[in-house]
Amino acid sequence: MHKNHNSLEEFKKYREKMNCKILASGNLQIQRFFNLDTRAYQEGALSSKVKELLGLVASLVLRCDDCITYHVLRCVEEGLTDAEFFEAFNVGLVAGGSITIPHLRRAVQRLEECRTLQPHPSRRRNDKR
Amino acid sequence: MHKNHNSLEEFKKYREKMNCKILASGNLQIQRFFNLDTRAYQEGALSSKVKELLGLVASLVLRCDDCITYHVLRCVEEGLTDAEFFEAFNVGLVAGGSITIPHLRRAVQRLEECRTLQPHPSRRRNDKR
Amino acid sequence: MHKNHNSLEEFKKYREKMNCKILASGNLQIQRFFNLDTRAYQEGALSSKVKELLGLVASLVLRCDDCITYHVLRCVEEGLTDAEFFEAFNVGLVAGGSITIPHLRRAVQRLEECRTLQPHPSRRRNDKR
Amino acid sequence: MHKNHNSLEEFKKYREKMNCKILASGNLQIQRFFNLDTRAYQEGALSSKVKELLGLVASLVLRCDDCITYHVLRCVEEGLTDAEFFEAFNVGLVAGGSITIPHLRRAVQRLEECRTLQPHPSRRRNDKR
Amino acid sequence: MHKNHNSLEEFKKYREKMNCKILASGNLQIQRFFNLDTRAYQEGALSSKVKELLGLVASLVLRCDDCITYHVLRCVEEGLTDAEFFEAFNVGLVAGGSITIPHLRRAVQRLEECRTLQPHPSRRRNDKR
Amino acid sequence: MHKNHNSLEEFKKYREKMNCKILASGNLQIQRFFNLDTRAYQEGALSSKVKELLGLVASLVLRCDDCITYHVLRCVEEGLTDAEFFEAFNVGLVAGGSITIPHLRRAVQRLEECRTLQPHPSRRRNDKR
């Protein structure tokens, strides 16, 4: 694969549908893991915004397109500016190497899709680069 | 990608077609490697069922969708119950982390496809969860 | 590093000491994660022995020496024979490639250490290879 | 995914379009990284051909389809024969294990596409295997 | 290996000595890469503190002990509290799975060493957990 | 770990000793795998020198110190110059990112050890950088 074949809407639907099936399997430990995964990004000593950034860069260096899409979405909701996005991308790129570039391309495609759907005011505000 | 775009049938056809081309390339060592790969899962001191489970969890933590699809198929043939599948998935999930979740979604989609095509009797039999 | 510098006894002590410190940090979610990690290997639809084997092969293909040491220890406790160990190692080796060989060397060193300390009767029993 | 859904032409277009967007983001360090990535494969103490081979095998063991596609293309331009391709694939396969096989299938599909588009004379010339 | 064999002081010395040798090799592109690596963590649209956190979590999920040691050191310099450290560790642990736990143990050992050497005032200040 | 604790001589001894034990285990498939691993680097359509370079860069991007040590040794035997070594290191560094730097440090330490033990004439000859 070299581009994101599905719209953000399709991504969200498939993700929700399959998560439901996994949670309906009756395996209690998997349910608890999903719960821990959600809580890891909640406001605490570190803000949700910083934690979503951590999730985004972890997803980039581990090269998981769906995880990147999810955290791009969440970072947009947290009001991340484009300059902030690209500095985070740069940390992931330098740490993870050129092997992350195909994922970076798709991340930027996803960011564009998010900006088109929900042109967040903060995008302009702090974005001085 | 965030869902399996191809049917199980298409997966099997493409896999077989390309494996043939690889083996026809004349590189004897690649042929031997493919041979070793097949033999690694044959009945021995450990049963085929256990070995296919090892292959499934290795594929999940290494996050290879095609390998997961292949071992889901084989595990269904070995009569694995859903409860057994989800306990194996849980080991992979805890060991490999939330980065494996997108692959888990597709694994569960593949498992559903297999169950629809060949509703294995053992599925009900031992599946008490 | 190319050999295990510490004895099994030192490994166990350091592991216990640092786990205590991590759990004493007061981060509730990390405590819950450690709990899930323990439970993932408990008897269920799949036996503890099979789950430890899954943990062993996952650790080998992910190339984590300490995880391998831990699961070798646990598999010895579960009565795994040498023939079973080496078939599991072979699945990991074929799936993960020659890059796992240095870890395989250390795994075999650990297995030897375990056999010396607790010469498990089952080693001979089923070991027909 | 289990086959390459897009033609080589689509791959090149998407790659170029998104690279432009990334470079237009105004992040100077990302621009420099892309520059270093290009220069790493230029003729020097090692030839371009050898460097492209290094890129191909690195991409195979790191299991990145787009990177493999790119280096297959470049290796064809450098006049690599099929025998050379498959020996390089074999090094990657043995080092990275059977988990690389799905990527190898797609690599061979890409190689076929390249050969159809630009039947390089050297393919026959040195290909004695 | 299962504990950090060297003191922080030895780590720093070896790191500096070998970096000098690498930079003295005369390979201009490697020099530029090292330069980009340094700059990626400098204050910008994102603060140095946030970038060091990104580096720490990337290092944890990629399971590189030396990278973790370096970013623990830098995060201590940036005044990170223990509660912040453990929330970042938790994001890495959930994303990367139990395979990161041996690295987490060594990270906590390094954090202790840093706290002993330079008991940073901020440790108490914001640390309410 | 952050430096190579053992001499090249100790590395070779441990490697040989443990390989013997693995091969003596009686698992025929592991023996065959080891055989394939050896053959992958033998002269063919590609020269041994190029294949060792492929092994070196694969080992660097997969971040395996023992594999790097082995291929540094073999590349020195093949007469690789320092300029060639550092260009290969640069390909690995750019592809695999800064996470490979700790391994690069140890690779350069190993290269120094090799040069001290067997100052290969070709080192001076082609090394114009």
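Per-chain residue numbering starts at 1, and chain names A, B, C, D, E and F are given in the order in which the chains are listed.
Everything below uses one rule, namely that a contact is a pair of C-beta atoms (placed from the backbone, for glycine too) under 8 Å apart; a residue touches a chain by one contact, two chains touch by 3 or more.
Note that the coordinates shown come from a computational prediction; the quantities given were computed from them, not determined experimentally.
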Partner chains that subunit A and subunit C have in common:
B, D, E, F
Can you tell me which chain lies farthest from subunit A, using the average of the Cα atoms as each chain's centre?
F
What is the distance in Å between the mean C-alpha positions of subunit C and subunit E?
28
Calculate how many whole Å lie between the centre of subunit A and the centre of subunit E, each centre taken as the average of the chain's C-alpha atoms.
23
Per the C-alpha centroid definition, the whole-Å distance linking subunit B and subunit E comes out as 37
For subunit B, which residues are shared contacts with two or more other chains?
1, 5, 29, 33, 36-37, 40, 58-59, 61-62, 67, 83, 87, 90, 93-96, 98-99, 129
Determine the shape of the graph in which chains are vertices and touching pairs are edges (line, ring, star, complete, other).
complete
Taking the complex as given, what residues does subunit A use to touch subunit D?
1-3, 5, 63, 82-83, 86-87, 89-90, 93-94, 98-99, 101-102, 104-106, 108-109, 112, 129
Residues of subunit F defined as touching subunit C within the complex
1, 4-6, 10-11, 14-15, 18-19, 21-22, 25-27, 29-30, 33-34, 37, 58-59, 62, 64-67, 69
Interface residues, subunit F side, partner subunit B - complex
29, 32-33, 36, 39-40
In the complex, subunit E touches subunit B at residues 61, 93-100
What does subunit D use to touch subunit F in their complex?
36-37, 40-41, 44-46, 50-51, 53-55, 57-59, 61-62, 67, 81, 83-84, 87-88, 90-92, 94-96, 126-129
